[in-house]
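One chain, chain A, appears in both complexes that follow, with chain B as partner in the first and chain C in the second.
On to the complex of A and B.
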């Protein structure tokens, strides 16, 4: 298991009212994302636990891209990954964010 | 929530929970944010899940209070580990205290989580004991089976202890799964890759035929919900009331034993649902019958 902690600058969408919510499932090539309220409205925090070793740089690229594409300031994302590809990670994060917006 | 057909089989457990119950009525216990995850998986450096693969809580089913337990088949095959099992047991014991109209048990599991060995086995026996306590308190336990993993191993046994089993044609019940049987006894005994054969032996239609499930429903979350609603008296009953487990007494146990002995003596040619169905006069139409037609035909044959 490899863990990664990432704290990125992000803008906030004050209209979002995040309740802790879980998206996705831990199965082969998939991941789950737990979205919670963070401590700082100008930052977005990621905690990743992944079964695939040696992909820290790829994770950083995918998460930085996600944090730049969405107003995720003030949110925290905890991820349990079972070897999802970068595209799947991006997709799940987008889905989690969209559901947050819809709720 | 109860609009377009939504496959029960394809849905994740969280979606099933939302769509089975009245909108926004569900409140979860030991929710994912509490991070009660498996210490055994962590020790093995295997991925854990925030809910350990099972969702427990309370909600409303057609305005009737129910306790709901839903296994996530996609996480380690819905297998029961220590935390997973403790959550199920806790929810069952809570039912004894809170007296809901029913407990809905959405089984989607291959059985014990082998990574957790004895802890998983003990969890299964604790679930069984708690389930008896719920029934002793007069609260029906309704199993819903329609996920990709079916109900196998320890959870196959747990399923058969329930008062009612609502199953889809895609749902399965068994003890050893097809692949286990093939591995142990050889492909001549059971070809686990022959999907049609697997379903004619473990699938929803044969289980209902043998009286091991009480009702067949479409692979649609709303159909499962409506059938469970009938069981709690929230909706008019469509088919005759059936119970898997009569009150346990010496007489009922002896009767069940007799039934099993009679079944063991069934003609050895009946190794497949198809043979049984043709002997019952259902011919080869069974696979084409809708759940409603199938329930009707069986009800007519049984009366």
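On to the complex of A and C.
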């Protein structure tokens, strides 16, 4: 099990409730995502626990693209991958973000 | 005083056949052979160096005859040349380990791929060539005609007529080549009946039959449990249906085996229906009776299916749907691998299948290091048939795209590879160099074992989008089109981003959003069946899954 911390610049979506502490949990057999309020509106923080060794560069690329694709400033993502592939990770993160926006 | 010309005889083969039959007489009563006499019969009739076909494919296996041959004395029976579709049973490998067989021409070695590679490396086997099924069947009539074949049938009558049942598969082509070239035809049957439901092989083509101690083995190879289909596979199926089947109006097609294609089958009655595609796509199929096709058949999408073989558990369903499947007068399925392969090659407009590795030219391979898997039928399905002459809308459109928008003298088959970019962490589907090249070197092969040649591939579908290789105008564009859908694999991350965006602007690469597909809609709710039990329900209780698939 490897742990990866990533702190990326991001745009904030002002419509999200700034007081909410816990935005939601998305989980399935192959991935869990916990979305919480972060400390800095201009940053997005990721903490990933991954079952796959040597996958850090791939994780960084996936998360960097995700943070550029959505206004995720001020959010903190805790991710527990149970050996999920990058395709599953991207799809789940997109779904997690869309669901908390739509809420 | 004319010198006497030596008289040339023209029936050596018939005389040799007669001698074999005479040597066999002590071990048979008419055509019937007792199980305990089978080894003696084989030792009596076989000659060193004979070309022998042991029937077996990825489904049914003449397993009793294979074990009988492996039990022969290598002093009596040796140096045989096996000419057969698959090397699948442990007994097949034993033949080479014992020296009973020496040379092999074949198509596929799924479960024995690892042991076969070891035999090659220890020089215990000579491989003539690895073929596609159609190539090997073709060679049965040219230079690899069996002298003795051993086939599997469902039943025989006392006279030796054979009933093949739903799994006809390769039997007709093997028996045709052997029986009409003075060879010996031996059949193992599951039962002897007074009256056969239908005669598939007439008794005059059959020399011996034996009621095997247990029914021949059949593998349920084409059953995919829908509960294992992922949302990524649903997403890729949406893209295939909307971005390829609908755009080209694909009516005639073949699907490879796997969860990727099972997802497409299960999306036809839901997503396909919602796009108004019923009656416009996927009407005629070259396909085994996949259980996952049941919902599309019941929804009226599928008009006709011709099959290579059968599928365990589908017998009653097929018999109840004779408008869709090819059936005999007795009601049961009539499959035929040689004819269905021909149909897949010449009468279908699209092949779609998954693979393990794709390189930067689009070549794909299922070979991995230390395993010789062979080809089976995919290279014939997954190739442009350059001998084809009849036109269809899909074939013409693909041909125009390949020809820069102009109508050419020929069209083009749609050959689609569908893969998730990472099969699992550590195993990218996209690679700079196929393992097949290393295997070629390690095994001393003439060619790398490539399943689908890149110049036959028209589209690659991944979770990232569709690359249309027909529209690429240079090797560089082709490489970037492949990198551009290769996701976060090393091959994908090494893309030229500007060039990939250019390809996207020109419609050579299309993302889900470019096709009007919202990735959030890609959920398992779209599957017309989400479990084996759902498939049973969709079939009205006619589908009877084998017990390893019963999980309720």
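Here, the second predicted complex is superposed on the first by the 91 of 103 C-alpha atoms of A that agree within 3 Å, B and C clash if a C-alpha of one lies under 4 Å from a C-alpha of the other, contacts with A are read in each partner's own complex, and residues count from 1 in each chain.
The criterion applied here is as follows: contacts are C-beta pairs under 8 Å (C-beta built on N, C-alpha and C of every residue); 3 or more make two chains touch, one makes a residue touch a chain.
If you're wondering where the values come from, they're calculated on a predicted model, not measured in any experiment.
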| item | value |
| --- | --- |
| Which superposed partner A:6 touches (first chain B, second chain C, both, neither) | neither |
| Which superposed partner A:80 touches (first chain B, second chain C, both, neither) | first |
| Which of chain B and chain C A:61 touches, first, second, both or neither | second |
| Chain B versus chain C as contact partner of A:49, first or second or both or neither | first |
| Which of chain B and chain C A:32 touches, first, second, both or neither | first |
| First, second, both or neither for A:41, with chain B first and chain C second | neither |
| Chain A positions touched by chain B in one structure and by chain C in the second | 51 |
| Touching residues on chain A, where the partner in the complex is chain C | 51-52, 54-55, 58, 61-62, 83, 85-88, 90-91, 94-95, 98 |
| Complex interface listing, chain B residues touching chain A | 12, 14, 31-33, 42, 45-51, 72, 74-75 |
| Of all residues in chain A, those that touch chain B in their complex | 1, 20, 22, 25-27, 30, 32, 34, 36, 49-51, 78, 80-82 |
| Residues on chain C engaged by chain A in the complex (per definition of touch) | 230-232, 235, 420-426, 462-464, 487-488, 493, 519-520, 522 |
